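As structure tokens, here come the structures.
Across the two complexes that follow, subunit A remains constant while its partner is subunit B and subsequently subunit C.
Here is the complex of A and B:
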């Protein structure tokens, strides 16, 4: 594929995307419209993240791609391969070694550093979209900082269910100004949105880029008497014993028995390599 | 023991190999050539060029072959290729009045300068399967007449003199470019037309049909439908004048719509406009109807709340590459989100049960 430019996109397009990224970093949480390109993978499959990564990567970068926290899920494999072919960058599965990490639906468990960029794939960038389908209206609401509708929604959740019934894509307020959709990460990941690394969000089909600069205040929306709670399965990882990582539930057999395992495959593997064991890997496991 | 969904890379490679084999089909059957597709499936080629926004019959034919005849997949291939092409500049507006028409019909006048030219149309064929074609595809040459040499004026130009049709003043403003600027609402007519001409034929047809059935009905007549080739000219700065760089086949449709007049406009006929690559007349007529429906604000008409009047609704959902990508992405793993929903539902159920079960019974 060497007939294509470095990282597939032409330099002018990358410059246009970088401008949108810089604007996004200057106005944290604000959705910057950008002239998203058609990519050789389908809309809805990470084209926004891919364009942001393409505009961010340099030949010296080390790239990691995860989907659902895992490096070996099919679409993560496909995107990693795309950049191996078109940019020739080094790739890794180790969170610590990566300089640019593209992710879908998770924030890695390992603490990210100032030297890293986390690129999110975003399906629907507008946190107010399912309350108001019109872009013309939601843009107005953001510009007037009119977020009453969102609070009413959360309140109605509580009055109906006794709890806020949003478990992923949980809305946050960035830098005391914009309400932002953190992409469909589980709300367990929300506290990690305040981090040392740069966070860039790309929505290709919806033509929006937004960003959270390092050390930026990110607050998950809640009420004083119903504070935000980051939840996960009440279980340690069956393989590495981690109590602090987000878990996937895996069905083991026809009888429906379950096991719980870290969704972040690199985190789980590095813990096991360091000698940690879970209920199913311990020598004395029954 | 736990077996993770490993080996994604190998699985993908194998899937691709199988796909290639399926695409080829039975190897005892001759391989389909690009030229065969281009020449014998030309309306499919036209659709791929129109919705792919790239006029290149050979590439469109290749895309159809590669996509196993899935036209939306073929359009996707063309779009993805198109984005990699550098932009040298923009052509001058094509002059459809100078079109060498293969077909030109008007539903509003029995005859007009240039005449009614049926051209190669399905319109009056009886839709009976031609079993002879299964055995032998050869045809006798069609009779030929003398080609018209002079330009064929647009039908609407005859109405214009009388003032009964709304004037569309020429504009020297460069239109926006849908593929280079993000779509923002409210949009404008040039961008709407760009979105419609590359929009999904089925979607645009459905929207147009809805206006005919009464959802913002606008009483359209096909003032004129013409199909033919036009020259594409471009200004070359070094030369200081425009030169012809090629020609494209286009379908153009102008509808003439009844209009009772509004607060701002006197009673007169109004127009809808459709222009599509290739021979794509269903699409061109549909486009013209939807264009007209979307012009309600400019003409001072009432918003009837119909889908076809709703610019944001129509333009946000007309693109089949966006639509199919997002629709099909729900095949991707979502188990992280699903897991968090599972936890939530379990928690809510637990709490609900605690509320329902009386304390005494629980003891």
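Here is the complex of A and C:
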């Protein structure tokens, strides 16, 4: 335990990240540049989220990591172990017991409380990047609040597919000012962005930190005649029967049979432990 | 003050003390109006515990600090220099400024960021005689409906909020208590 400084990063790096987090909270949705460090994991594995967590964790915290909602995938397990080893913090898989939750591409199903902090791993923080590759131009667009291009993109979705087909990284406007990429969470999770917990976003490779304070207005972009819709697979969870959770589709065999299962493993498990059953578990029981 | 005092009063266990201090600072910045306890440092007078702890948590050789009038003593300079290495600068170049409200004014002296980089703005640490959850009525990001906070000069702070997304951000410190007011908060005089 004594080989590393608390939470791995050196203190000067943490101060720099902490200053960026405070400015991010003061200007919700604005991407604050920061001097991202090399971490002992590849880019794309959550180096931004890990740095934000490292600067945020205290020894008293209970830490949870999810990857696409699951606590038991490689990315989640390795980051959890990383902070067990370098910060000595308690870890958990239970959403309600966690004080800091690092997430890749999901918001937990359970409602988060005032005492929790949600840290997102972000691959591409700039919502306009695929529309305008030049940073100088996107920065100008944010400064002028010139977001017409984003609406054109959503309009083109409608003209080609008859509906807004963007299904993840669905752009939002934060506190009536900045358009923000909520990271590749499914648009099902977008309504949950207005929550009681503090939300911090870290993009390691792209060197940006941004934040959404609690109770901040977060509006998914849409049109009056094509309002935003939080969609999910039209099916209950095959294991726990939940109708209200985001589902993963799992191919079961070569014949194309499939099952739908909660992407949030903790939510699914706690429901099954409470006695809830889904179509597949009921079939087994019968 | 003897040399001994300049070297003392820092964090006992820097990584853990700073982590706890930052959690308090982040929480109040994310929830404007909320008052928290902030301890860890023991700065020389006239700095409060909360202000000293904020400086140790956030400042280093990369951040210019402006010590406003009464806060600018050889003791505070040496203490800050020893523990953080932060350069002492004038108000217009400061990343952080610390002092009493009347000493810190006018607000127009400080950096408010640019439209492309609104984060390049000063953070003011305002030493206050009292902190109370009443006075001005606050609303905006981080606040569910409205909340109250005692503020030194409502008109000046309203002017700062008008600059959004530019503007300064504030911590208010009193003893070991801290509250914050980011530029995003809307301010109304009570009544």
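The criterion applied here is as follows: the second predicted complex is superposed on the first by the 281 of 286 C-alpha atoms of A that agree within 3 Å, B and C clash if a C-alpha of one lies under 4 Å from a C-alpha of the other, contacts with A are read in each partner's own complex, and residues count from 1 in each chain.
Keep this in mind: a contact is a pair of C-beta atoms (placed from the backbone, for glycine too) under 8 Å apart; a residue touches a chain by one contact, two chains touch by 3 or more.
What you are looking at is a predicted structure, and each value in this text was computed from that prediction instead of being measured.
Asks: Could you tell me if A:43 is touching subunit B, subunit C, both of them or neither one (first, second, both, neither)?
Replies: In the superposition, A:43 touches subunit B alone.
Asks: Output check: A:74 vs subunit B and subunit C. Expected answer is one of first, second, both, neither. What do you get?
Replies: first
Asks: Which partner, subunit B or subunit C, is in contact with more residues of subunit A?
Replies: Larger number of subunit A residues touched: B.
Asks: Under the stated touch criterion, which partner chain does A:280 make contact with: subunit B (first), subunit C (second), both, or neither?
Replies: It touches subunit B, and subunit C stays clear.
Asks: With both complexes superposed on chain A, which partner does A:30 reach: first (subunit B), second (subunit C), both or neither?
Replies: Touch partner of A:30: subunit C, not subunit B.
Asks: So, does A:143 touch the first partner subunit B, the second partner subunit C, both, or neither?
Replies: The second partner, subunit C, only.
Asks: If you lay the two complexes on top of each other, which residues of subunit A touch subunit B in one and subunit C in the other?
Replies: Touching subunit B and subunit C on subunit A: residues 33.
Asks: Quick check: in the complex, which residue numbers of subunit A touch subunit B?
Replies: Per the touch definition, subunit A meets subunit B at residues 4, 8, 10, 33-40, 42-45, 47, 67-70, 72-78, 81, 104-106, 123, 134-136, 161-163, 165, 167-169, 184-188, 205, 207-208, 231-233, 238-239, 246-250, 252, 259, 261, 263, 265, 280.
Asks: Please output the residues of subunit A touching subunit C within their complex, sorted ascending.
Replies: 5-7, 11-12, 14-16, 18-28, 30, 32-33, 55-60, 139-140, 142-144, 175, 177-178, 198, 211-217
Asks: Quick check on the complex: what are the subunit C residues that touch subunit A?
Replies: Per the stated touch rule, the residues are 14-16, 18-20, 22-23, 25-27, 29-31, 57-60, 62-63, 95, 114-119, 121, 123, 140-144, 164-165, 169, 182-184.
Asks: For the complex, which residues does subunit B have touching subunit A?
Replies: Touch residues, subunit B against subunit A: 1-2, 4-9, 11-12, 76, 79-80, 82-84, 86, 179-186, 312, 316, 321-322, 324-329, 332-337, 339-344, 347-348, 351.
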